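Below are two complexes that have chain A in common, paired first with chain B and then with chain C.
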Partner chain A sequence: MVYYYIPVITFYVLLGTLAGSILCFIPALHIYNVAGIAIVAWLAARHLVPYYAIAPFFMSLVVAFSFLNTIPMTFFNTIDESAGATLLPSNAMVIRGRGAEAAILSGFGTLMGAFLLIALTPFFFYIWPYLAVIFGGHLHWILGLVIVHYIMSEWPKGAGRGKTPLKRWIEACRNCFAGMLTFFLAALFGLIFITKPILPPELAFQNIMPVFVGFFAIPSIIQSLLSKFKPPEQYNPKSINADWKDFSYGLLPGFTGGMLAAYLPAVTAGIGAMLAGHITNHRNLDRARFRPPEEEGEIIHLETPEMYYRQERNFLIAGGVGKILYYVGAFLLLFTITELTPFGTGRGGLAFILRPVFSAEPGDFFVMASTIVFSGSISFLILLKGSDIAADYAPRINITIMYTIVLIALSAIVYFIAGGWIGIAIMAATSCIGMIPVFYNCRRSHCMAVLLVPIALNMAGYGENIAKLLGLV
Partner chain B sequence: MTQENTTPPKQVTGEDGKAGTYESNCQVCGYYVGASSVCHRCGARTHTRTSIRTVRLVALVGSIIGVILLWVAAYLKQPEIISIGDITPTMNNALVVIEGSVVESQQDAEKNTFRMTVSDNTGNIRINAFNQLDSFRAHFDEQLPSVGDTVRVTGALNISQAWGAAMFLNIPERVTVVEKFEMKETPIGDITVERSGQLFRISAEVADYDLGSTRAGDPMHRVTFRDNTGRISMVLWQNQFEALSGEAQKAFSRPGSWLSLSVRGSAFRDEPQLELVDPGDPSAVEVISISDTAPVTARRVSPLARLDSMRIADITTAQAGRTFKITVTVEEYSLSHTRGGDPMHRVSLGDETDTISMVIWANQFDALTRNTQRAFTTEGSRLTIAVEGDEFRGQPQVSLMDAFDPDTIEVLSIGDRR
Partner chain C sequence: MKGLTHFVSGVAAATFIPQVVRMSAAGRLDIPGAASSFIIVLAGMYGIMPDTLDFKVGQFFDEPDIVVDPDPLNPNPKEMAQKFAEAVSRSAQEGRMIKIQYMPIQLGANRWRQYLIIFGEKEVSVQINEVVSTSQIPYPGTSPDPEKRSATVTLSHRIKPTSCDTDWLNKLVRKIRKTIKGGEKKKKTVKPSTIDILSGTTFGLKMESDGDIYFDWLPWHRTWSHSYILGLMLAAPWALIAYLLKLDMWWMYGLVAFLGFAVHITEDMTGHIGGSLLWPILKPRTEGFEMFKASDPRTNFSIIYAGFILIVFNLDRFTSNLLTGGPESFWSWWFFLLVFLVLPLAVYFKIIARISDGIKKREAGLKFTREEEEPDGTGDPVID
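After this line comes the complex of A and B, so read on.
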């Protein structure tokens, strides 16, 4: 590395971190949408930004996103494809006025994940390449297993509602059916869309953007607009309710879920977290306890077991770890250039977006590792301050106006970047599919079948044959 | 802990004055809210709301109609025909049609892979069908697209900074042969400089054969063909000559033999010349008759004997592209790898004046004799090497002039440090 590169790279890392941090505050705007716009801008003026600064810039953008998208997710209920990793307990905590604590807990997990990524450097260079090569030829059936497990683990909810056994059964299985329907429709949509994209060729590198905006962003906005959800008054915590034991408990599921998401194509942090939870969580919940009456005749209160709160904390910490391993780790693996993996093992949206204009070189890994530490530390500080600000302002923001503006902005981005009215039509169709899990209470990650199924089939060599059956070839 | 929802729906009169069943549970989280205007659990408002039932219906119907409409749009969509030269990075993953002629085609039976390079005069693109050779052969009835054919290929562009643009095909239906190229039997007299690049079929007699050598000392086969309309020459490099069948090699090297060849017109110093299209394809080289004339051989001068000797201190970047010989000691050896994963041997060579570095690529290293390989990998070995001047990042370096010719390297001694 020539020394005069360092100030230039530092400048672009700072720029990426600040840009990522600011843009993350816009609810439902995904960093890959920002990355797509940034790439188009760079292609138009590539002489202005040096080539060697591209990867650090985009890395810092995605590092900042991993930390700071926690804030809109927590306070404004905006969902992306990895929301399942962190969202559930944070919603409950916002209702209790502890949104800032939820965001900081998740942020602590993300910071731990950032340092974990650096600590794993020997693992990435000496063990990971063997695993990647060994499993490389088996990914299609591994993805098949993920699909089967994922569908099967959507268990019946709402049992006991309804007057007749049939109604009770339908009520109980409604979310399972909704999950399967979402999965099927998303998979079919993906098979058609990936085999024969209908967007103009020059916009192809962003053709998945309207699909994801429709699956995740728009249903969240519609849900928030309809419910008129307004966060209650939030506290500004002086400390967080977690100790080192909680962090250590959260590390293993976070690492497992994050690495699964970083390596397996189309498996997001949400799906990874679900798999990791099933792999690592063997502890039973504490049995419910009744508080003894203090005086005779007092009503006995049921105590919420402490294990519930611990699992809430562990979930958030693990989600934070998993999220950075998924977003940042997947991109970092592009730089693990070894004899066995001469092109790295990078995956994920950012690696895909950058592939036509950037290729990793040996030695870049350490520039990227430094970028993660530098950008991650700054992002964490911004998260601490940002959580305080969000806790202050979230209850006072007019959610309807905010989401209306976001809806218009997202539609404009899709219109101008992703194919005009065709992009809007695609977004509308996927929004409908994305609303099924929202309004039938099943997992939203079922929408990821849009990539999971076509990728698994293409890896197995059957994708084009299915497309032939659909009359698309 | 969850609260049981045991309250039945209430029969009340709504704001519109109509009586009906109104749920008393929160429509967001399902918690019992009774008459409250705000859900105590999730904070959602419980009145002046769009019916969730309506939204559910929109979601269900819209998603099914959306998928059907997408299928119709995709079914009707005709992928755009684009020029290879117009491919930009933002087209990564675009489904497009490329129409052009096949300039190279390759079948790898061992890996069951078919590859071809298609050109449309604005650029070239590599089409790869990994593990699909059998299905391509079955689909095209053994008549796979070959050099000269005009093809239309529909596929998703795969663009990477490292490899450029390519297409990967999984089914043969993605390729259509628009026009099967049939080489026309052409008299030699009709092949002119202006027709450079065109493909012809000639039937001609070997008029002259000369085995020379390149500057690098490689064998070079010059053949002159004639028919009753004229004469024309062809140069065959050693790798092309080796790709010929034994019978064809005999015919080429014996004046008086007759061959039927698929050739491409070219020019050298304003004179028409021929290039053999695909020496490995038996249909491209048909031997009509082999002459009894004794084969021509040529005495070869060792490159080390004819090249000038240089001291390392005298090698500058100005010598880039020039060939000369150096007598050196292996000062340092290291093995690294290219981005493609191939081994790359770096050797630091020194004499009494200075040191210089040399990179030996995997294919070059594999072509060296065992003794030479040992010499290069053992520090302290002394060699005389025919090299070509080179430049890397503004510094002079050297490369092997011809690793495939053992006469370009003489091992003087093997070192004792590994």
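After this line comes the complex of A and C, so read on.
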């Protein structure tokens, strides 16, 4: 690399970090929507950005986003799909006035994930390409497995009250039925949308934006408006309540979920975290115990082991690790250029968006790794300060006004960037489907069927047949 | 075992059939027989099917004789214990299994009132505990008033955790278990049950030939749904559909589905509850070999990991031939399995042994008893 590139790249990394830090405060926006907005901005000023700075700029944008979107998600309950994995514990902590601690714990997880990405370099170059090639020809049924497990593993949330067995069944399984309906409608929408793109070709990279905003952002905002959630008074912690064990316990689920999401198309961090939770949960190693009474008639105490209390912290840390592995790792894999994988193994929207304007070359991986460390460190420092500021201001913000402004802003973004009234119509249609999980308490990630099903079918080569069957072609 | 464990095991088992792996490979690859088939998905689907049938269907259609649905604002432990005593008396009088269902006490989206049912030989106590979250963590300061907290009621008959009226299959399982594990301690009392989140629990009570009442935990679980015969019946339609669609090797679809189902039932036999292996020919539930606890994370994690490695191993040796050197290369198979399966699991068990030692040291001298085992398939409460 020519040495004068370094200050230029550094400048664009700082710019990307700044852009990511600002854009992440548009609540409930998915990272790839943000990348889409950045691409629009870049297209307008592409003659100003040198070719070799494109990838570092976008990498730092994603790195900053993965650190700092923790703040609006934690304090204002605005989640994108992937944040579902960390929603409940951070919400619970905000209600107890510990929002800053929740954000910092998640941030520590993200920082750990950033260093993990670097530490995994030998794995990415010597083992990962083999796995990518071995699984490469089998991805359609692997996605099929994800779909089947995802639907079948949603257990009834009702207790099963009712006079007849049928009524009990319906009462208990309401969330499962709603989940299946959401999945089916999202899949059908995805098949139609991918077969017959409504937006013009020049907006192809923003095609998915109104869909994602409708499925995830709008329902989150409506839910927050309906729930009238207002953060209580928060305190600024001088330390966080976590030790090395918490971080080591959080590493495995974070790695597993993050890598699943980074590699498998249309599998997001939310789905990855759900699977990783099933795979790696070791809570039962230290199960609840009964302490026999010392005197007859005394209360039998149920001992809740420390491992139960750790869950909240582990969840946030693992969520942070998984988030950066998904957001950043999926893009970083684009740069793992080996003999087996000459075009890298990058996945995700950002790799897809950038492919027409940029191609990775051998050696870029280390520029990207340095970008992650540099941008990650700055982002983490911003997060520390940002959490303090958010803790001070969150209880004083009028949430209803804020969400109303966000709703208008998102609609405006969709209108101006993603197809005008057609984009708004798509957003409205997907919002209706996205509201089903809000009202019936089923998994929000069922909406990801919009990509999962068409991608699995297209990978297997059945996409066209199904489209014919549905009368779409 | 957990749902995902069965799921991965079913898939791993299916990948041992070379034709299945080759059929599943993308048609664009230069592999003989590659047809982009989704056949392996059947193994996963049927691997989780028995528990899906139980927890999503069976439990709601299995009618309890007595339902205890405590008042969320004012739960009465005396009444709750009396209901159990009534179930014991009715079982003795009517000579059939009486099922009693205890419902959870939900107080909010993430708030549940926990209660304990503690069984003695001839008495039952109900104790109301703190409010807990969906992660089963108690909220401090929510324990009820001491006078409203617990009650004990005497039972008309003794209750016991092990049945004495067993069929030939159960006797055979007990014999094999004794051979594998050596002598067994006789279980004297029924373990306590904690009821808090999501659905409640059901107990079956049945008078036996020795005059005592056999206590059957979750009498609807692992009965008809955990039968090899039902597995065959449910797998057969897939073979028929494939035949009607004129697919190559149509019978393989039924075989793969059955394989997933059978792996699940067989894995469950390593636990405590077992299954009704030959339902509807032999209806009673057969005990398991009691080798592992269904919720033991060591068993679940190691099986899932082993399943993943075996899937990679099989996909590679039947399609890509990158790592394992192909079916002829005997040594490279062993090398692969040693490096990626045996060594990582050895390290994992070493780490877990250290953590477990720490837990044991903490427990030493405290004379704790463990909580009742979680029912298989439900998994840990997953927040989503």
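Of note:
Methods note: the second predicted complex is superposed on the first by the 440 of 473 C-alpha atoms of A that agree within 3 Å, B and C clash if a C-alpha of one lies under 4 Å from a C-alpha of the other, contacts with A are read in each partner's own complex, and residues count from 1 in each chain.
Convention: a residue touches a chain if its C-beta (ideal position, glycine included) is under 8 Å from a C-beta of that chain, and two chains touch if they have at least 3 such contacts.
Computed from a predicted structure; not experimentally measured.
Applying the stated contact rule after C-alpha superposition, one finds that A:F189 touches chain B and leaves chain C untouched. Residue contacts after overlaying the shared chain place A:E339 against chain B, while chain C stays out of touching range.
Legend: residue contacts after superposition of the two complexes on their common chain; A:Y130 is shown touching chain C, with no touch to chain B.
When the shared chain is aligned, no partner comes close enough to touch A:A41: not chain B, not chain C. Contacts of A:P156 after superposition on the shared chain: chain C is touched, whereas chain B is not. Applying the stated contact rule after C-alpha superposition, one finds that A:I405 touches neither chain B nor chain C.
Using the contact criterion defined above for the overlaid structures, shared-chain residue A:W141 touches chain C, although it does not reach chain B. Once the two complexes are overlaid on the shared chain, A:I198 sits against chain B while remaining clear of chain C. After overlaying the two complexes on the shared chain, residue contacts for A:S359 are found with chain B alone; chain C is out of touch.
Residue overlap on chain A between the chain B contacts of one complex and the chain C contacts of the other covers 158, 160-161, 288, 302, 304, 340, 461.
Against chain A, in their complex, chain C makes its touches with residues 2-4, 7, 11, 24-29, 31, 34, 36-41, 44-45, 48-49, 52, 55-57, 59-63, 69, 103-104, 106, 110, 114, 116, 118, 125, 127, 129, 133-138, 149-150, 152, 192, 194, 198-200, 293, 295-298, 301, 304, 312, 315-316, 319-320, 322-323, 352, 355-356, 359, 363, 366-371, 374, 378-380, 382-384. By the touch rule above, chain A contacts chain B in their complex via residues 39-40, 43, 91, 95, 158, 160-161, 181, 185, 188-189, 192-193, 195-198, 200-207, 222-223, 226-232, 288, 302, 304, 337, 339-340, 342-343, 352, 355-359, 361-362, 425-426, 428-433, 435-436, 438-440, 458, 461, 463-465, 468, 470-473. Interface of chain B with chain A (complex): residues 1, 4-5, 27-28, 30, 41-45, 49-50, 52, 55-56, 58-67, 69-71, 73-75, 77, 79-80, 82, 88-96, 131, 157, 159-162, 170-171, 173-174, 337-341.
Residues of chain A that touch chain C in their complex: 84-85, 87-89, 92, 130-131, 133-135, 137-141, 144-145, 148-149, 152-161, 165, 168-169, 172-173, 176, 270, 274-275, 277-292, 297, 299-300, 302-305, 308-309, 311-312, 315, 340, 443-445, 459-462.
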